[in-house]
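Each of the next two complexes has chain A plus one other chain: chain B in the first, chain C in the second.
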Partner chain A sequence: MATHAPARDPLAGTGAAGVRRESREWLWSLLAGVAILAAIALVPLSGDDAALSLWTLIVMFCVLAQGWNFIGGYAGYAAFGNVVFFGIGAEAVALTLLNGGPFWLGLLLGTLAAGLFAFLLGLPVLRLRGHYFAIATLGIAEALGELVAAKAIGGPGGEVSLTPPDLDFHIANTLFFYGFLALSLLTLLGTAWLARSRFGVALVAIRENEEAAEALGIPTFWYKVGAFVLSALPTALAGGLYAYWFLSLQPTGEGGVFDVGYSVSMVLMTFLGGAGTIVGPLIGGIIIEYLVQTTTVAFGDIHGQLLGALIILVTIFLPQGLIRLVRELTVSPAGVKLSYTRRFTEGVRRVQRFIASNGI
Partner chain B sequence: MNPSTTSAREGAPSAPEQAAALLAVAGLDTGYGDTQVLWDVGLEVRRGEVVALVGANGAGKSTLLAAISGLVPAWAGAIRFAERDITHTGAERIVKQGLIHVPQGRRLFPGLAVEENLKLGAYTRRAGSPTALATDLERVYTLLPKLAERRAQAAGSLSGGEQQMCAIGRGLMARPALLMIDELSLGLAPNIVDTILAAIDEIHRHEGLAVLLVEQDVQIALERADRGYVIENGRIVSTGTGAELLRSTTVRAAYLGE
Partner chain C sequence: MSSASSRPTASSPSGSPDATPDANAAPILALDAVTKRFGGLPAVDDLSFAVRPGEVLGIIGPNGAGKSTLIGLIGGALAPTSGVITYAGRAIADLPPHRRAHLGIARTFQIAQPFVGLDVRDNVIVGALFGRRGLRRPEAARVADEVLERVHLTHKAMLKGDQLTVADRKRLEMARALATNPRLLLLDEVMAGLTPTEVAQAVELIRAINRDGVTVLVVEHIMRAIKGVSDRILVLHHGRKIAEDLPDEVLADPKVIEAYLGERYARQRAAEREGAATSAATGAATSAADADTDAAEEPEWKGGLA
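And then the complex of A and B:
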């Protein structure tokens, strides 16, 4: 009974294959992400300033979505106030520069402050679940924005104008572009590490069933706090870069560094691409921010309505994101060898079934 | 077979392993918020023993399990496990000591595959060696072959019986010394209950696993238990061997409709 019976169980082999397939998926995701970022890295070669600033903005939003993915995608906590970390990062850089400090110090201080704020904020709000957590984080972000506006660190209402870096305009913009790109790459690597770590597995368990995770001995509360802090770090760095790139800041109102619109974008982008996946937020960020920017140019005021329609379509047909579609398309049944064409047609059929089963 | 835990502990080296209480709950009070649910609860599970805790819906069975596994804080009383006081120990450390709780309603990770659910059961065993994990997985698959068939399937898509198997298999992955199963039979067909109980019995007999079986189905639980406790309105009202309780007229009247 206790002795080993090797290869007697016909399923033992497929189990191992399953494990290997799983580990290949993270690698493929990571490679896809790196390839996407490498392609974007070619944008400055075009010498087109408009394209450069468009893609700087797109990559910045990718970073925000990637950061949100830690708490919202992996841990499954619908944080609606992550813009607060962006605002803290931006205001820290602004304050440091206004006081004659170096840019890197502002970035560092902003990141530390945002991480600490996420920790302290997490202690009370991560005891809340579902809607209560979403509302609490939303409220905190709004409140901090108003507070910064009231304390008015720059001009009236907290408006700040910064002196541009002592560099050629084009060179400076290229550097900021690569700064955001490096940040996105770093966050991508961080996500790939997380997805494979015990910490990441525990976060997924929390998302899937928090009570069960607790009963299995996962220290759920501290892991959630960890995910919240982790999501604050890239977000604050993006805020800091944004401040010195954009040069003029306001805390509240549309486009303000505490504007809830950023939080909504992070959520939407992550869900379109695939929440809790390695490369999903990157893909979602690129698609949505590209559409936002181009539809604003092409359609002016109605771009909001077009985006609204997109949100509705995504929630109805792709509640699990684009990555899930790719997964349905590429996965082959365990242990069965199929030709590539057969696998493709099978995949397309699975995708049709998947969309139909999620449809109205 | 000395029923007194104190004397068993004093004579520790010579006391037979069987007699030592693996789990000892004494004078336990607890509840939620202002509402007290348990009053002065005492209960014991010895090494290698199957103990049943039976009682009606709302009697406090699940609360007692939650208190033992550290998910609900104790207001008064003491809980000892494997000679250690765990009254105020966190759930994580309790799991590490080998006291595993299979919660009511199975509580699986619905979006994860069966195999991923099982692996998460071994979470507190600090990664360890992948071979040990693979061996334990194979052991669970041998005991519950249905899980092997379903290993790549999302746990949320399993039938009720398969979900219960998955929950218990996940509990076994932690290499428990004591497995506490809340409402094993709830909503399951009798033949599935038999399959699961046979698997548990296998580990109980071969590896000396102690089991605390919490059941609304008094017959199922007491038939298999060495000893049993009856809980009513948050208090233990009677105790005895499984057979004694099954014969008892009060138990038959209250729970078996006689």
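And then the complex of A and C:
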């Protein structure tokens, strides 16, 4: 093997350098995420109610994307029905409140129900791969929404109107905002933990090559079920918060708590930011939901088309997401020390080559 | 290539006592009447054989003989249609692949299956984290570095799984399997596509692994390599066992030559042997004929038996 040995022998340390680079990236991601959330936490200081509700919605979508990231980003299973957990969380809070129960109980029940549902649903559908899995999850969400509507759960057609909490309107909204923010922070920390754990390594291995993962001793099926349950929990909590914040719910149709549009948003946000990264879904969620909300106001008629165009552009040019773009542009390949300019030009070349490999 | 052309005998200094398979020991792996059909077509047909602990068993056969199917059956990726597979005294045919990995069965894939998004070192760490040892992170990293050193991939540890050459992908397959700390290693054509020098290195590595007490099952297409590394060779043809014996016996078996190179070549070779036997000592003639086969066989079986 002498032919393969390099002329110099600086290699004893490469492994350790890799670990250092990895943990540096982990730390930076976590800090970036916390910093972003800390900045958002200042929004209520402006005293602007419109801004508060805009950012409440944005943070909620961040949570949804962060939740989807567990199954879609880390495990690489394109779940197109994660809105079902959002709906379950929302319905649980609505039904609990309608029956005179406390809000926290509704949240708890919704989270438990969604976790259990993810487990039971995962048993059959996580045996499916690729498109089949995506279609199966999509179908389940639609079916559950229709069921709630048809059985008139919570009211005629499944529509629910809740009494607002017994608090000043502004204070209540501020509390909901911080509720979503805390949930997002918790999910961020959970993701950071996952990225360093055996569980996370197993999910990434499954995403990268499920057959090889199984052959190396990873019980792939149970890890996938675990990722599915994990992704259901923050999603259901967000649904529960949303129900009490928004007060009026419908199961189906646009804006319904089982609307597939939520699922699409989760996927899009996660991919724009970077699927399977710690801070990617947060960034993607902020960018997309901010654009959606502002374009809805500015170009009410064509915001759907604009969003569609964005999906196409992201798929073509950023299938690896913004975080990976940053990584490609800043990190030296294979741990070779390069100047920053050289790294950047090399990075641009790699990104161009990657885009070209999609046939563009 | 002299180091690769013959298996060291028991008296050779490179064979340590624990590497010598014990003929009386209970088999570490036994297949009993195992059949695997794909839509009615048998890929492995009523196959029975046993592997002794510490042995290197070579498995050869033309394309489509069922070699990779056999690896899949033992590794657990495939379930047999019928038959019993026993590993270390327990029936394993119903266990999923990850359970078999925990029991100490590791495999490589004929078409390398790296985790493409992970670098080489992380690829190997996965094996150490979840294999038979189930190590924690720091130890897993240490084991990964040792294994990479062993397969000569240390200087490529930072590359991504899809940035490797074919030869390095094969090394990575080996490294990942070794990191699980196997008792039984299933190698599915790890030498295919390598240069002669790389083949010699791979042979040396397999011997070293075997000296550490790992039982090895080598599926291979390259006759020369498998002869150099195997204690015994089993030949598959159309999913059936047509020969199982010492390397020299198997490679001289007319049935095997026919299966590999066709009937016409078998007749021709038999004629050559007769001619050679009259003019020279038998041993020398055999090795000369072997060298001939080596030169001629590779293009022929790639083209003729695809």
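The rule is simple: the second predicted complex is superposed on the first by the 323 of 360 C-alpha atoms of A that agree within 3 Å, B and C clash if a C-alpha of one lies under 4 Å from a C-alpha of the other, contacts with A are read in each partner's own complex, and residues count from 1 in each chain.
The rule we apply is simple: contacts are C-beta pairs under 8 Å (C-beta built on N, C-alpha and C of every residue); 3 or more make two chains touch, one makes a residue touch a chain.
Since we're looking at a predicted model, the values are computed, not measured.
Shared-chain residue A:201: touches chain B and chain C both.
When the shared chain is aligned, no partner comes close enough to touch A:266: not chain B, not chain C. Counting the residues of chain A that each partner touches, chain B and chain C differ, and the larger count belongs to C. In the overlay built on the shared chain, the residue A:238 is in contact with neither chain B nor chain C. With both structures placed on the common chain, the touch criterion links A:227 to neither chain B nor chain C. In the superposed pair of complexes, A:216 makes contact with chain B and with chain C alike. In the three-chain superposition model, chain A touches both chain B and chain C at residues 1, 11, 14-15, 18, 198, 201-202, 204-205, 208-209, 211-219, 334. Of all the residues in chain B, the ones that touch chain A in their complex are 69, 71, 90-96, 101, 103, 107-113, 115, 120-121, 123-124, 127, 137-138, 141, 148-149, 151-152, 170, 174, 206.
Touching chain C in their complex are the following residues of chain A: 1, 3-6, 11, 14-15, 17-19, 198, 201-202, 204-205, 207-209, 211-221, 334-335.
The part of chain A that touches chain B in the complex is made up of residues 1-2, 9, 11-12, 14-15, 18, 198, 201-202, 204-205, 208-209, 211-219, 334. Chain C makes touch with chain A in their complex at residues 75-77, 96-99, 101-102, 106-107, 109, 113-119, 121-122, 125-127, 129-132, 134, 137, 141, 144-145, 148, 152, 154-159, 161, 163, 176-177, 180, 197, 201.
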